[in-house]
Amino acid sequence: MASLHVLANPARFRRFSQRVLPALSVVTALALAVGLWLALIESPPDYQQGETVRIMFIHVPSAWLSMMGYGLLAALGASLLVWRHPLAALMARGAAPVGAVFAAVCLLTGSLWGRPMWGTYWVWDARLTSMLLLFFLYLGHIALSRAYDDSERGDRAAAILALVGVINLPVIKFSVDWWNTLHQPASVMKLGGPSIDPSILTPLLVMAVALLLLFIVLVMLRTETEIDRRRLEAAEMAL
Amino acid sequence: MTGFSALLARDLRLVWRRPGDVMVVLAFFVVATVLFPLGIGPETNLLARIAAGILWCAALFAALLSLERLFAADYEDGALDLLLLAPWPLELAALAKCLAHWIVTGLPLALLAPLMGLLFGLSGEALWAVAATLLVGTPALSLIGGLAAALTLGARRGGALLALLALPLCVPTLIFGAGAVEAVAIGEGFLTHLAILGALALLSLATLPWAIAAALRQAGE
Amino acid sequence: MTELEVTGLSCRRGGRPVVRNISFTLARGELLALTGRNGSGKTTLLRALALLVTADEGAIRWQGTDIRHDRDGWRRQIAWLGHLDGLKGDLSVRENLANACHLRETPAIRVDEALAAFDLTPLAKRAARTLSAGQRRRAALARVAAADAPLWLLDEPLNALDSPSQAALRTVLGDHLAAGGLAIAATHAPIDVPNARVLELA
């Protein structure tokens, strides 16, 4: 834990990430290659859904990562408000769009996956609807942190929002699940499909790890950008 | 006189001197509600089915309208600094402001909505459900909206941003509030929904005053 | 005997240091005038003293104890006049002052006295929004006087005041200091009061 506090200095983090990113990017690319190969070629097509089930290998990890991303925003928010770690604010600014993109990818892949089954691009499935609301929470965080001329004010407001949001997420999920069961008593094709077969599990986990690495790489890159941007702002104000 | 009651009394007195502000919000609620049949069609069965959702959504938007001024007026005339300097917990001040907002917005909406429900062909128990759920559900809306208002004090595009922040957080209250009238329509009671709305209100009460106070302190920095 | 002791106070805003290592002491009956150009950190320093802004470094001690140990207790000791008047436009002047006292959980017994001191008694029943800028500033000063607090923190108290009003302020301030009160005022113009010290902020 002490090492994490050391990293809390933005300049130090930037040096750390510059050293680590090249190697990490290569590992990520390899993991993605392996994962995609397993997902697209090795794993069998689904009995009912045919080839389109392969979208699940992106859809499901994206869902996990977008939820994890919001948890990260909340943790960074707490870190900013309690310990005033300068890096926490910058990393939150960097990570929010990444999490939002994963949420959007989840929604898009979910829509594409469901189209052959449903006949439409969208159904008000409980999980998709919850993901849509999570996407809105991300948009709110992004908008709020950038709504102030004083960036520190925006960072702290967004931090408070992230903490309130993370507490509300289970409540939102619970109420959307309830809403869905109430309004759709007829059987709806579950997006998860039948119980997960081992032959699907391996590619899924590999893709999950690969996308997690991608998430980390993207967040580190974006945090570097935010560190540079903040430095530029400070330099401009000193003129 | 405690600080809490002084603040509550002051805000209520300020609204009393400008009743037009509240009237406008209630008028908006009526107009917004009426817009839906005009947009959807006058078929009575359909309207009765969707009445709950429409009434709740319109109430939500109306409550949001008045939220932007909740803290903005104090921020602009310097009264917020005096609240930040009061020698009693800021969380109580936040609660007093939200309570005042509920008294002049949520409460009248809860009383007005059943009347609008008549226009949608709701009857008897359904109308009670509308009133009761709005009564129990709107305090949470005042608290959530209060948080969004405090977070967006002095921000660019404050009004639209406030709605963007508040609406997703209001979804649970909306679902159970509107769902209660549905439950009545299919013959079940709405007490479970009311209980859940109460739980949501308590959850808001237990968490949001602290978040609102933190946001107000940020505004003072 | 010093009541207020500030040591090494520093504040950063937007990454830039705005208040740099300020130290001073203040005893009963003393006024400290903060002078300096616009942007020299006078307002930030006042807000840091009021705990409206969190200082990055330094300590503020009142009667020997760090004020951060008992924030509400500190808030009872100070009366604040900021850039803005803090008056609600739809309340009358008297209602504003009474409300300000109640919000500080202080009895509103000195309101009429404060109104008279700033020649506001004829305006007491008027809604604050109908007053001119100078009259509102006097009302805000009356609010501070009615608060019954030992330390007054004043941000540009002479702003918008005509000569009679400035004289009234000098009198009220003098009385406050003579009764053992303290005051810190950020100001462009000198405040002609006995026991006034000046702290120039670069």
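Going in written order, the chains are labelled A, B and C, and every chain counts its residues from 1.
Throughout what follows, a contact is a pair of C-beta atoms (placed from the backbone, for glycine too) under 8 Å apart; a residue touches a chain by one contact, two chains touch by 3 or more.
Because the structure is a prediction, the values reported are computed rather than measured.
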item: Chain contact topology (line, ring, star, complete or other); value: complete
item: Innermost chain by mean C-alpha position; value: B
item: Averaged-CA centre spacing for the pair chain C and chain A, given as whole angstrom; value: 49
item: Length of the line joining the C-alpha centres of chain B and chain C, rounded to whole Å; value: 37
item: Distance from chain B to chain A - Cα centre to Cα centre, in angstrom; value: 31
item: Interface hub residues of chain B, defined as touching at least two other chains; value: 221
item: Chain B residues within the chain C interface of the complex; value: 1-3, 6-7, 10, 13-14, 17-18, 76-79, 81-89, 220-221
item: Chain B-touching residues of chain C, taken from the complex the two chains share; value: 47, 50, 52-54, 72-73, 75-76, 78, 80, 82-91, 95, 99-100, 102-105
item: Partner chain A, residues of chain B touching it in the complex; value: 147, 151-152, 154-158, 161, 164-165, 167-169, 171-172, 175-176, 179, 182, 200, 203, 207-208, 211, 214-215, 218-219, 221
item: Chain A - residues contacting chain C, complex; value: 150-152, 230, 233-234, 237-238
item: Residues of chain A defined as touching chain B within the complex; value: 81, 133, 136-137, 139-140, 143-144, 147-148, 153-154, 156-157, 160-161, 163-165, 167-168, 171-172, 174-176, 178-179, 182
